[in-house]
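Structures for review follow.
Next, two complexes with chain A in common: one pairs it with chain B, the other with chain C.
Up next, the complex of A and B:
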C-alpha cells in the first residue's frame, strides 16, 4: 500500500518538475552532448550562428506558440513560407526596389492566409489539421503559378537582402527581428488581455465562452498573427537566400512545432510562452547543428528528428496525465 | 430480487430494495431524481456489483457476473439513450456480436437477414431487415432493440424511460410491443417519470425513494396522488438559511422563450433580492432555458428584458454586458480552466477592469481576485496554484467570485451544490442569501427537492419543456412540486 503511494507521489513531482525545468534540462543536456560531440560546438561564433540560422524558424515558432496556446495547430508553414517569400521577391522586383511597400504587402499576404486558415477553422469548425493540408496545397499551387516553378533573380545585392544578411550596430538584422517578435509575443501572452483570453480558450474553451470570451474570434486573430509572423519569416528567409526560391524545402514547420512543444506548449492547448518556445526551437537548432558538425547525412537527421518529436509528445501527454491524476486525489 | 444494497463512497445509493418481477407482467418503477432507479437497474444488468443482498433469477440465486453473462442468462436492458450502430442494417444490429457464421470469421449474411426478418414479421414490426438503422425513427430503433431482446430469448427486459425521446403517437406502437412481450411470458421492468404512462401499462408498481423500496404492489392499489405522496414523502431535516431580503422591482423578464424540441413559451419574472427556484425532473428543459438567457445556446424565439428594457443576447459576451451571469452545471467542462491559477480563474471574465493602457496591472488584478475569492471563504494554498488542485466546493466558490467581480444584476446558478460536500454546500447556500441581500436577482436550478424548497422564495416548475406551475414559498410542498413536475394536472398544450 505505502509503496504504491510512494510511486504516485514521485510521478506527480516528476510531472511538476518537468513542466517547470524540463526545457532547461533538455537544453543543458543538448549543450553537454554537443560539447562532447565536437570541439567547435560550444564557441560564441557557433552559438550566434545557430541563432542566426534559425531566426526565421524562431519567428515562425512564435506564431506557432499562439496557435498552440489556443489548442490548434498550423501544418502549412512550409508552403506558406514559399508563397509569401516568392511573392515578396516578385513584388520587390516589380516595384523597382521599394523595400517598405514590399514588406507591407508581403505581410498582408501572410495575414490573409491566416484569415483564410482561421476562418475555415472557426466558421466551419474544420479540424485545423485538415485545413492545413488544404492551405498547404493551395499555397504550393499558387507559388508554382506565380513563379512558373523558376527561381526569381533580381534581389541579389539589393536592399532586399539587408533583412536577411545585413547588420545593425554589428548585430545581424534577422536576430534583431527575431528578438523583437519574441518580445511582442511575450508581452501579448503574459501582459495583455488577449493573451489571457488565448490561454483561457486553450485551457478550457467552454469555460472561456462561459466567461464571456468570444472564443472563435480569439482563434481567428491568433491565426492572423500566425500568418503575419510566417510572412515576416518568409521575407527573412528569401532575403537570406538572396533569390526567390519556389522550392525552399520542407521540415521548417515541423521543426517549429517540435521546438514549441519541447518549449512547454502542450498540443492540447492552454500552455506555452515566448521564452519556452525560444529555448525549444534553439534545442532543435542545436541538434541540427550537432548532427551537421558530426557530418550526419540529412537522411539520418530526419530519422532522428522523427524519433525526437514522438518522445517529446509522449512526455507532454504523460506529464499532463500525471498532473491530472495527481490533482484528482 | 431481495434487499439489494449498493454503497457509493459517501452515499448509500441503494439501501435495501426488494423487487419481485413476475413473468408475463410489466413492473413499473417510479421515483424522484436520484432515488436509485438507475443504480438498481445497473445492479440487475451486471454493470454494478451489489454490496449486499441477493438476486434470485428463475428460482436460483445469481452472484457477480459480467454484462455479457447477464445477457446470456436472458436479461436484456434497453437503455434510455440508445446506442445503435446507425450505419449497420437492422439485422446486423439485432445479431451484433453473435452473427451466424458460414465458417470462422465469415458472416452468413443471408441466414442473418432471413432470421432477422422472421423475428420482425412475427412481432409485426414493419421494417425490413436490410434497412439501415439510422433511417428508422427513434421509436423504430427501440422496436429493433425489443426485437433484439426477443431474438435472445430474453425472459426479463429492462426499459429505462423508453418514451423520453419519442413522440406521443409512437408511444402507442411501443406499448403494443411491450404488451406483446408480456403476453409471451416475459417479465418487464419499466422505468418512467410519466404518471399517465404508469397506469396505462403497469401490472405492478414499486416506488423507490432515497435508495429504499417504499411500497410495492399491484397497480390497482395505487393512484396518482398516492404515487406522488410516496415518491416525495421524506422528512426534510436539513436546515436552510432563509432569504430575508424583500423582493424589489423586476430585474429580468423572459417572454415566450421557445426552442424547438427543447422548451416552449417560457415566460417568467425575476425580482431583485429574490431567489427563484426552478424545479423539475431531469430533462425538463430548465438548464436549456437558462442557457438561452445566458447566451450559451440561443433560443429560436422569445424576448428577454433587463430592467424593463428589451435586450438581444446572442452570446455570453452580450449576457455579461447586460448584467447576466451564470454558473453552469458542468463545473469541470464549462467552469474551471484546470491548469490556470486560482487568480486567473477568478479574474478571467473581468480582466478588462485591471488594465492600464494595454497592459494588465497584475497587482490590481491579484488584489481584486484575492478579495473576491476570500469573501467567498474559499480555501487555497496560494492564489497562483492551479485551480484543479482545489476541492469541488472551493472550485465552485472561485467560479462564484469570478461572477462577483463583474457588474451583474442577475445570477443564474445551475445545480450550484451538486457534487459538493455538506459543509461547503451550506456555505454556498448562505452565499446565495448574501447575493440576494446585495440586490442580485438569483435563479437557482436544482434537482434536489429539499434544496428547492429550502432556498427558493418562489418556485417555477417545468415538465417536458413547459412551465407547469409556480409556487410561493408558503404554498410549496414536496407533493405540490412533484405534482407539477410530473404534470399530473396538465395545464399546458
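Up next, the complex of A and C:
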C-alpha cells in the first residue's frame, strides 16, 4: 500500500516538475539539437528569422490561449485568416491606401467573427468544434465571394506591406506587434479579474457559476478577443505575403493549437498562459527551422512533426493524470 | 446586445445563402448559367474545377464559362473541387445522376477520376480535360492544355541560358503527391541533365503549394546560404512571391539573380516589370479557352476533336512584359 503511495507521489512530483519546467526543458532540448544540427541555427539573425516567421502564428496562439483557458476551442482559424486577410487587402485598395482605417475595419471583421463564434457557443450551447466547422465554411464561402478566387493585386510594395515586412529601429514590425499582443495577454490572464474568471470557468464551470461568475459572458468575451487577435494576425500574415490570397494554405490553426498545448494550456481548460504559449509555438517553429536548415525532405518533416505532436500530447495527458491521482490520494 | 447578435447572424446566413445561389463565377456550389425552365432546351455542360480559390484555375473557368454563355444555348454549371479528389469524384457522380451532355474536368489527380471518365464514355457523354491531362488508356477524352513536363523544361532551360555555367541556383519543387508535381519535377531535372548542369544546383527543397510555405522555406535557406546563390527556380507564381519577399526581407537584391517561375499571373508579371522576377512562363489562357470552345462545338456537331490539343506558352520577361500586362 505504501509502495503504491510512493509511486503516486513520485508521479505527482514529476508532473509538478513538468508543469513548472517542462516547456522550458523542451525548448532547451530543441535549442541543443538545433545547435548540433546546424552552425547557422543559434545566431541572432536566425532567431529573429524564426520569431518573425511565426509572429502571425503567435498572435493567433494568444487568442487560442484565451479560448483554451475557458475550456473551448476554435478550429476556424485558417479560413478566418483568409477572409479577414483578403478583406483587409480589398479595403486597403478600395480606400486608396488608408492603412489606419484598413486595420480598424479588418479588426472589426475579426471581432464580428468572434462574436458569431461566441454567440453560437454560449447562446445555443453548440459544441465549439461544430461551430468551428460552420464558421470555417462561412468564411471560405465569403472569401471566394469577395475575391472571385483570385489574388488581390495592388498591395505589393505599398504601405500595407510595412506591417508584415517593415522594420522599426531595426526590429521587424511583426515581432513588435506580436510582443505587444503577448504583453496584453499576460496582463489580462495574470493581473486582471477577467483573467481569473476565465481560468475559473475553464477549471470548473459549475463551481465558477456557483461563485457568481457569468460564465457565458466570459466565454463570449474570450471569443471576441480571439477574433480580434485572429484579425490582427490576418493583417500581419497577408502583409507579409504582400498580396491577398484567397487560398493562403491550411494548418496554421493546427500549429497554433499544438504550440499552445505544448506550452502548457490544457485542452480541457483551466490552465495556460502567454509565456507558455509563446514558447510552445516557438518550439514548433524552431523544429521546422532546424529541418529546413538540415535540408530534410517534406516527407521526413511531416513524419517528425507528427511524432513530436503525439509525444507532446501524451506527456500532457499523463502529467495531468498523475496530478489528478496525486491530488485524489 | 442579443438583438444585435441575432441580426448579425441572420445577415451572415443570408449572405452565405446568397453566395451559394448567385455567384457569377461558380465559386463553391454548382452555378448554372441558364434558368431551370430552359435547361431541357440547352446543351448542359458540367465543369469540374480543381479549386476555385486559385487565380489561374479561376481564370480558365471564367474564360470557358464566358464563351459558353456567349454561345446562348449552353447551360454551364461549375463545381468547386476545393483541392479534394474525393469531393471532385462525388461532384461528378452527382452531376451524372442529374444528367449532362458534356463533362469538362480539371482533375485534382489523374487516377481518381478515371472511373468517372469511363462511366461517361459508357453513357456516351463526351469528356474534355483542361490544363491537366489523363494517362493514356484512362478512357476516351480530349485534353486541352500544356504539358507540365514541357512547361518546366522551358522554364529551366530559360534559367540555364541566363545563368552562366558554374553559377549556383536553388531548385524549389512542389511537395510530391500530385501528377503536376511529378511532371514538373521531371521536366526540370531533364532540362538540367540535358545541359549537364547538375553540379550547379545548390540545393533542392520541397514546399507546400502556398506563398507562406515558400517564403518560410526561402528565409531558412537564406540563413544557410546567405547571398551565395545566383538563381532560383520554382514551379509556380504563388511560391515565387514568397521567394522574392524572403530575398527582399534579407535585404538582398532579387534583380541581381535569375528567378524563374510558371503561370504568368498578374502579380508575377508586375514583379517582372519591376525587375524582381526574371521570367514567368505564361500559359495562354485565352488560347486554352478558345480551343476548349472549338472542341465543344466539334463534339456538338457530331465530330471528334483531336485527342491532345496543345496551347501556346509564352516566356514573359522584361522584353515582352508590357504586351501581356494590361
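Methods note: the second predicted complex is superposed on the first by the 322 of 329 C-alpha atoms of A that agree within 3 Å, B and C clash if a C-alpha of one lies under 4 Å from a C-alpha of the other, contacts with A are read in each partner's own complex, and residues count from 1 in each chain.
Keep this in mind: a contact is a pair of C-beta atoms (placed from the backbone, for glycine too) under 8 Å apart; a residue touches a chain by one contact, two chains touch by 3 or more.
Every value quoted in this text rests on a predicted model; they were computed, and no experiment measured them.
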Chain B and chain C placed together on chain A: clash or fit? fit
Looking at A:125 after the superposition, I want to know if it touches chain B, chain C, both of them or none. Which is it: first, second, both, neither? neither
Discussion item. If we overlay the two complexes on their shared chain A, which of chain B and chain C does A:115 touch? Say first, second, both or neither.
Written reply: second
Check your understanding: Between chain B (first) and chain C (second), which does A:150 come into contact with in this model arrangement: first, second, both, or neither?
Key -> second
Identify the partner contact of A:204: answer first if only chain B is touched, second if only chain C is, both if each is, neither if none is. first
The answer to whether chain B or chain C touches more of chain A is C
**Asked** Can A:242 be said to touch chain B (first), chain C (second), both, or neither?
**Response** second
(request) Using the superposition on chain A described above, determine whether A:292 touches chain B (first), chain C (second), both, or neither. (result) second
Smallest inter-chain Cα gap (chain B/chain C, superposed on A) in whole Å equals 16
In the complex, the residues of chain B that touch chain A are 294, 296, 315-317, 319-320, 326, 328, 330, 333-340, 344, 348-349, 351-352, 355, 358-360, 386, 388-389, 402, 406
Within the complex, chain A is touched by chain C residues 2, 5, 8-9, 12, 15-16, 19-20, 23, 25, 27-28, 51-55, 57-59, 62, 80, 82-83, 175-176, 203, 205-213, 215-217, 219-221, 223-224, 238, 241-242, 245, 248-249, 265-267, 270-271, 274
In the complex, chain A touches chain B at residues 187, 191-193, 196-197, 199-200, 203-204, 206-214, 270-271, 323-324, 327
Residue set of chain A touching chain C in the complex reads 38, 40, 43, 45-46, 49, 52-53, 82, 112, 115-116, 119-120, 123, 138, 140-145, 147-151, 153, 156-157, 165, 237, 240-243, 245-249, 288-289, 292-293, 295, 297-299
